[in-house]
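So that you can tell them apart, the chains are marked A, B and C in the order they are listed, and the count of residues begins at 1 in each.
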Amino acid sequence: MKKNKYLLLASSLGVFVLLAVAAVQENFLKDWRKIQATAKTEEGPVAVQLRQVINRGLNLSDRCTSCHVSMGPGEQNAAGPGVLTAHKPVVHDPAEYGCTVCHGGQGHATEKDDAHGDVHFWPEPMIPVRLSYAGCGTCHIALNAPGRDGFRRARGAYERLDCAACHSMDGRGGLLRPDGGGMEGGDLSRTGISGYDREWYGKHLRQSQQAARGPWKTSFAPITQADLELLATFLDTRVGAPKLVEAKSVFLSSGCLGCHKTGAIGGDDGPELSLAGLKDPALMDFTHVPGKESVENWFTEHFRSPSGTVTGSLMPALHVPPEEMELLNFYLFSLRRRDVPVSFAPKDRVRALQFGEREFATDGATIYGAFCSGCHGADGKGFRSPGMPAFPSISNPDLLELVSDEFLIETIRKGRPGRRMPGWDRDGGLRQPEILAVVGYLRQMSGVQARPQPAPTQALPGASAAGSRIYASACAGCHGPKGEGAAGPSLNNKVFLSIATNAFLMETIGRGRRGTTMEGFRTPSPARQALSDNEIASVVSFIRSWEGSKP
Amino acid sequence: MTLHPGPTRSRLDPEPVPRRDMLGLASLWSTALAMLFGMFGIARLPKAAVLSSPSKKFRVTLPETLGPGEVFMPAGRKVALFRDAEGVYAVSTVCTHLGCLVKQAEGGFECPCHGSKFSADGTVTKGPAPQPLPWLKVTAAGGAFTVDEGEMVPPGTKVNA
Amino acid sequence: MNPATTNTAMQEFWQNLRAAPRRIYETAFRSGKPVTDRTRSSFVFGNLFLHLHSVRTHLWSLRWSTTMGLGIASTAAFLITLVTGILLMFYYKPYPDVAYDSIKDIHFVVPTGRFMRNIHRWAANVMVVTVILHMARAFYTAAYRRPREFNWLIGLGLLITTLGLSFTGYLLPWDQLAYWAITIGANIAQSPREVTDAVGITEYFDPGGLQRLLLLGSDEVGSESLIRFYLLHVMILPLVLAALMGVHFWRIRKDGGLAKPEDADARLSGRERDTYPVFTEQPAKTYQLAAIVRGKTEVVNRGPENTVPSMPHLFYAELAVLMLTMLVCLALALVSDAPLKDIANPNIPENPAKAPWYFLGLQELVSFSAFMGGIGIPTIVIIGLGLIPYLDRERTGTGVWFGGPGGWKLVRQAVAYGLGACLAVEALVIRFGWLREWFPNVPQLIVTLINPATLITLLYGAYSVWLVKRYQSARAGALGLFTCFLCGFLVLTIIGTWFRGPNWVFYWSPSDWPRH
């Protein structure tokens, strides 16, 4: 019977040893214990214990301060190297607001890999430190953001007028002290959020006129009205997050909203992007993404080659320089608009959600860039890619000369059902003044105004065998045998037929569109003879026959 | 109870039990009846009279650009919507085998759990699924459509706006 | 009042008070130190927790090879899960929006929380293994025979309850693995619909739908289901298990301890022993319960037996197994963390969605037919297992490993056949597909009835019938069938665990899985 006693002895000792190992692991080997042991305050070492920031309103309990001790409530004086460095001063004190609300990551964790989201099964990785300010997007929505060119012009004005000489912004500038070493100019980093004195120009001007010498005299000069507007635009983009609005401006000029929605505004073709920054890497396909399996790499690769990253994606590739790619990544990370408790919702978010204020500037250029340029190109010349119907050129002078503003407005409002052009007069679409602004921008961009069109000189003949025959030989190649559209636009589209006048159709066939594959049929080409007005009219009436009973 | 005098018995002899102990039987059967009735009540409890699950009907607006052969899956719902020349129809995306969600694949759907495959109209083409994916009831509702995930219709039923 | 009397009463009071600690000890442990056979005996039957043991234990039962301690190991594993489970209940919150976070809290901030959860998880796994092995032991030593037939059935109930406990525990972390495994499990409960649908009576008679509804409490896996699984896991099933365990142990005692061969004492003779036999003369009647029980108890006419006092011999053995089980659980818990995947997402199925490993054999069967694999065949197997003691009424080979006609040779053959048949069918299916791939329009009822799962079952059944004829013995058939099913379970579990990838497609290795 001794066997059993030996077995009992051995296994009991074994259990004791294992428990001891577990106890050592638990009580001595945790990283946060080691880190806290090196932290020092003026009063001596800090107590080694789990620490956390709890914010009931935001429903978070972040244990990040177990390692980042000095970021916890009342522990700013705990100094030490590396992770113990204090947070740089920010508006939202991490000791109050917690960490994950801005930085992402897993607040519940107490180990680095888990907390930073580098583990396999815990979603929500931290925002890369480089892009930290993207975290502002959790609560804030920058309103009225300009497009890329608008932003650059505005920033250009700020730099050209050298405001940074006296004013600091994002930690730079403000070296010149007016009144000879007196007060520096106000910090302009957050003017877009906190607002600023709208009378500043008048006051500056008076100061400058009254000053006898010093910077007020030498460094300030009257500013033109155009520059003042640019400065106002620029000051509105200063939301405390240096590159956030710039990133948004790139996004707004890349045509993304034509297919994607942010904040419930935009197209339906692509996935909604309001939560793009919270994408879970565990659910993403990294098969075709080189390098580390990070959300950031996926975004970059996806911009470079959408259909190579997501099978069947119809999104066109973006050809932008690397710094803009970085800004686009930055903006996507900032799209993390989860619900926030009402008491925490910032003014800008309330204004966007409750009062319907636009988060993009409502001038024609910005809207065109955000909604139209994805398909029609930044220059309006359209684009074609293999396997897809071509996106028509809309800045073509031959088009713009022929069509009335009403034609353009109706087209934008109703779209081309069945084709990729959606109607924008709907929930999540554009408002009437915005559509007008786009039409105005088209006219301004191309410099072509509508010419009054002559009424058709002759009555259209009924649908004739001739029209059908000519259509089949001359038009069907590009527009499809039934006008359903192929390389060329669809002609049997209900909306198209209802807003296109006969004169428009005849003139378009007759003159063609220069710069596109649509030739003018009034002039002969080596391949075929010219069409007479009668023949063109018969084609138009054939096209009209698709319309049903409508004359 | 009274003790009847009789012949002395061994303690190992069984105590005589009367054949018809009416009182005893009645009391035991009434206990059984009461307990049985109680058991019915207990058995009813685990099946809620009203289930906590949300309504199975929902309204959906199809993207205007949805063409034939393309599928639209409303977020958070277990439905795939199609539109072709004959109208709009909805196919459930809950695998009829063991309830996983099928996902879009080459030529139809496939289930990640046990490899069932379905064609785009729901017919089983491979794997253990016992039934085709059911078609769900769609009703046109002023430009939008109402889909009822709880009600099936015969395959081939299509609805026009 | 007489002052002297008062004085004596006071003295007595003080004396009693001083003696109280000693007396509390004496009254608690009435028999004194267990040093003689008499005090050892009263130590056992005077103690609520020990009196389920007989006072003396046969040496045959104490041999390691008799039981390998598997029953005690199962009990030990249960006790470990019980203790760690109760500890986990301090922090676990059974509501979908907080369940996952509470597990994370247990993992990260509860002192020893992660370790406890790991132990709980590993002890549960150990328990499943030991319960299955324990059943195999009872089967191969033919310990289910008279008078232990019904205890075999209770053991079967314990196996099912153990699996049920494990399955219900699987949902509680509310992660992807849990959510989709339970979705599959709940739909297996619904799978009788496969038959009722094929026959066309689901509208009137829908046991599958009712089962699923009762299990989930809702149409889909949600907060109702979580509460139900929690209730089953921490209350109902443990109570059932404890009750069944009580009966199981009590019956072992009433059935005269562990099964042993008729000639156990002869087999033991010649060994060096540190004990002496009792019942030196053949007792004709036992002294217990003499007043109301007719007949004889197990010890009558047994002659001298090689028994030793349970205290301490049996208790050393039991304690040793308990500590060994704990050692195994702790070691596994230290080495490997209990898994926790992403938080449950009802819109994105886990791919592949795998149940715990001991259900993967079933999942492999289920991938042929939900009803047959999930309900039909398990029911047949359970009924078959339950009938074993009532079909095998033979006497030879009781208490001996692989006892009975055919013996070890038959078992070896059955292992080869069991593995071979299962592998062959699996290979056929993996390589060539099954009916639906060959005849796309085959009716569902045919697939439900004729599928690889039923084919394997039939092959095993036919082999067993052949064995019964060949050896003219039900025991031989049972030996073959049980061995085959054990082998089938093994093969299917291994295939399900290591060779099935996304979409339940066969892969030689997980490294071949497509990245998703």
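Here is the rule we go by: a residue touches a chain if its C-beta (ideal position, glycine included) is under 8 Å from a C-beta of that chain, and two chains touch if they have at least 3 such contacts.
Because the structure is a prediction, the values reported are computed rather than measured.
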Worksheet item: Taking each chain's centre as the average of its Cα atoms, which is closest to the average over all protein Cα atoms shown?
Response: B
Discussion item. Per the definition at the top, count C-beta pairs in contact and tell me whether B-C or A-B has more.
Written reply: B-C
Fill in: Centre-to-centre distance between chain C and chain A (centres being mean Cα positions), rounded to whole Å
58
Worksheet item: Roughly how many whole angstrom separate the Cα centroids of chain B and chain C?
Response: 30
Fill in: Gap in Å, rounded to a whole number, between the CA centres of chain B and chain A
44
Fill in: Interface hub residues of chain B, defined as touching at least two other chains
75
Worksheet item: chain C: which residues touch two or more other chains?
Response: 348
Worksheet item: Considering the complex alone, what residue numbers of chain B touch chain A?
Response: 63-65, 67, 75
Worksheet item: Mind pulling up the chain A residues that touch chain B in the complex?
Response: 268-269, 272, 415, 417-420, 422-423
Worksheet item: In their complex, what parts of chain A are in touch with chain C?
Response: 1, 3-5, 7-8, 11-12, 14-15, 18-19, 21-22, 25-26, 50, 52, 63, 106, 108-111, 114, 121-123, 280, 282-283, 285-287
Response to the item:
chain B partner, complex, touching residues on chain C are 180, 183-184, 186-188, 190-191, 194, 197-198, 210, 213-214, 217-220, 222-224, 228, 291-292, 294, 347-353, 363, 366-371, 433, 436-437, 440, 444, 447-448, 502-505
Practice prompt. State the interface residues of chain B toward chain C in the complex, per the touch definition above.
Written response: 11-12, 46-48, 51-53, 75-76, 97-101, 103, 110-115, 124-128, 130-131
